[in-house]
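The structure appears right after this line, and notes come after that.
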């Protein structure tokens, strides 16, 4: 499989990969990402979490719901019955950033990396939306897969 | 409006901002982002574009369609009748990266920053999906708003 | 599990419950509900069913399709492959009401209560929509789970 | 229009009402509803709101997002560009109930009653989902339109 | 515009056409299509319409709802606020066929041809689905635009 | 099952067929269809494929994504976890037509004929959308099931 894009056939035509011959196994994927902001925005998020509206709770829910929309968004993703989605957001005051971790699980013939990455993406986009009235210069960064297990290709851990 | 999150009311409850008193004006938003990859993956994308499957074409289309799903994904975004979406992807061989720019336009009472940012996010997620069989270590980075015009708050250009 | 909301983790963060350790069993849920209206509106529905447009047929179809949208609507619901949805609507002339019963089935690791309740809700909302030009005072009432079987918690029958 | 269902033509065929000749005016709709539960469940919701997961915040967000899905759910509803959605949930300890009020606004050729009613319905369904592990006997009740203004038919206030 | 595909830019990249400089006018589109079947299937549909389940009513509703999903399905279509959708199905016994006509209207900067064609397509697909247990050899045919008015390009009538 | 529509119960009420007693088997469906156009339009598509925008690539992707939306479009279709979707489009110069073939696979209790037919329909609708600026007279034709295997009713091959 190395050196080949599986989403194209021999003639270069895009396709949804045929997973019907794969075994149904328990699969997990974990993705991470962050959104960088001004110290003032980070302060407002922290204060809101304790006494006013909680940006991180809204973004967490959006991330969970976003994971379910993955096959609607990513053209060649399989529709899947996710058995678990968890999205964790923490405010890093030192870095003036919100860190997001999403964990998806399924018993299926294909993995859930895209679901975890989509959950992270939608969560940070939601943070942007909630805070853009005070900070348009926020920057989404470092969205990547950090762990993947289950399936033929075995376990992957980001370096 | 400075120092206040508009998506919460005085009691800190999340809401879709009431834009019914705003004027309907022409609005444009431009967002950018990138996905970093191994030189080998960048080489495969470049070769595919000329002789096999074209990763960037698939991602461009996914980005355009993704912009239309923004109100389904971002909890407090208004549903909007976008009048234009363009997504541009270029392969940067020196950086081993795909650069994405999305431009959205509308005549409405609220802006389209989130639509542009969502288009970029879905486009880079699709690049990840298409290439993940050969490179799980890709990293999505630098998604940000670079331009916004129209509406009461005037024109914004990223520093 | 008693006395604990399963949709929050130990820190009170919302999550989609991890069902990956649960057994896949046949599960059924039945929900009921009603919409109360003026005798005149009930009469128009009854007449329409035999000679003009049939409100109940439209609402039945909307209820079935609504069951399929449950994971898009209820934030922490799992996406599911429903194996059966039936929605029954009857006009109760004595009460000037439409009674709705929805039955959903699945072979899965989690139940379909929410799918049955959503089917009932969408069906009665559709009755409201179809009849609102003649009766804005209709009232949706008594939506509840009446039966649930399959899964570890066993069979539930409403009192 | 009295005594006639507008969603059927002269032959009784369902249709989306043609609003192209209507004036675009500011329209508002307010709907209410409630979900009844055991005192123990109400107590858990109240405690959660202050120290653990907040059921009402999740349901509020689900209601807002649900309003946006109205044209996907209700067969003959027009797709609309909502300009505002607010969903308010309060816990009524005396009644052991959660009360929901949804307010929708738009500048359009048709009203937003269904959007307000759908927001209420999705919010109470979400409360059910979050609490069903401890209380399957909850009952959704009294979903109705309480106010409507704008448009040719004028202002409606529930009795 | 003749001899040029408007959905590609000068470099051949797909885009949603920018309609922001177009005038908002009243636009109408009418599309037609048919599904051919065995005489026995046509007979079952006719009988069902009077005494059992009505295939044509279900397909009509599916067509109306399908029109609303057009921007989700057709990659470069603009999201639109349709002001009217009507779908008419008639059984042609002589031809053993169901004939479908869909009419869509809007006040917008772009036309609704795709909405009318999608409504017809979803309606005939639904007839296929309802009847496939008795007739797998049905054939969908002659889906085409028959009328278009409004907008800069003027009125189109099929030959 | 012959001579009976399975999507209605004994009283003629529409329902999603209960497949919970069916065996989960590997199932495949292949559908075909075409869109007829002027020779000039066919020539533009062919030229675009080699030097400008590629209509067929966009339509292929739309067809694949359309297959995933089948349960949202066809009222009584079951939601399914497709394991493979492939859509093939070829330009037939002699006929001035684009021919489409869609192949869907699944391991499930119900077949994927509707998914294959929907993929074909969305692909040809997308060809229409991409080419309509130069040719409004295009005609969609001959959408039909050509092969079905798996499940109790055995293999079907179109005559």
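Note that the chains are named A, B, C, D, E and F in the order they appear, and that numbering of residues resets to 1 at the start of each chain.
Heads up, the rule we're going with is that contacts are C-beta pairs under 8 Å (C-beta built on N, C-alpha and C of every residue); 3 or more make two chains touch, one makes a residue touch a chain.
Please read these numbers as outputs of a predicted model, since none were measured by experiment.
S.K.: Among all the other chains, which ones are in touch with both chain A and chain F?
M.R.: Chains touching both chain A and chain F: B, C.
S.K.: Taking touch as defined above, what minimum step count separates chain B and chain E?
M.R.: Counted as steps through touching chains, the separation is 1.
S.K.: What is the minimum number of touch steps required to go from chain D to chain F?
M.R.: Steps on the shortest route: 2.
S.K.: From chain F, which chain is the farthest off, judged by mean CA positions?
M.R.: Farthest by centroid: D.
S.K.: Could you work out which chain's C-alpha centre is the most distant one from the centre of chain B?
M.R.: The most remote chain is C.
S.K.: How many angstrom lie between the CA centroids of chain E and chain F, rounded to a whole number?
M.R.: 15
S.K.: Roughly how many whole angstrom separate the Cα centroids of chain C and chain F?
M.R.: Distance between chain centres: 31 Å.
S.K.: Using the touch definition from the top, which residues of chain A touch two or more other chains?
M.R.: In chain A, the residues touching two or more other chains are 9, 13-14, 54, 57-58, 61, 65, 69, 72, 75-76, 79-81.
S.K.: For this structure, give each pair of chains that are touching.
M.R.: Pairs of chains that touch one another: A-B, A-C, A-D, A-F, B-D, B-E, B-F, C-D, C-E, C-F, D-E, E-F.
S.K.: Which residues of chain A touch chain F in the complex?
M.R.: 9, 13-20, 71-72, 75-76, 78-81, 108-109
S.K.: Please name which positions on chain C make contact with chain F in the complex.
M.R.: Contacts found on chain C: 26, 57, 60-61, 64-65, 68-69, 79-88, 105-107.
S.K.: Spell out the part of chain F that touches chain E in their complex, as residue ranges.
M.R.: Contact set of chain F toward chain E: 1-9, 11-14, 33, 40, 44, 48, 51-55, 58, 61-62, 65-66, 69, 72-77, 113-114, 117-118, 121-122, 125-126, 128-134, 136-145, 148, 156, 158-159.
S.K.: Which of the residues in chain E come into contact with chain C in the complex?
M.R.: Residues of chain E touching chain C: 54, 57-58, 61, 65.
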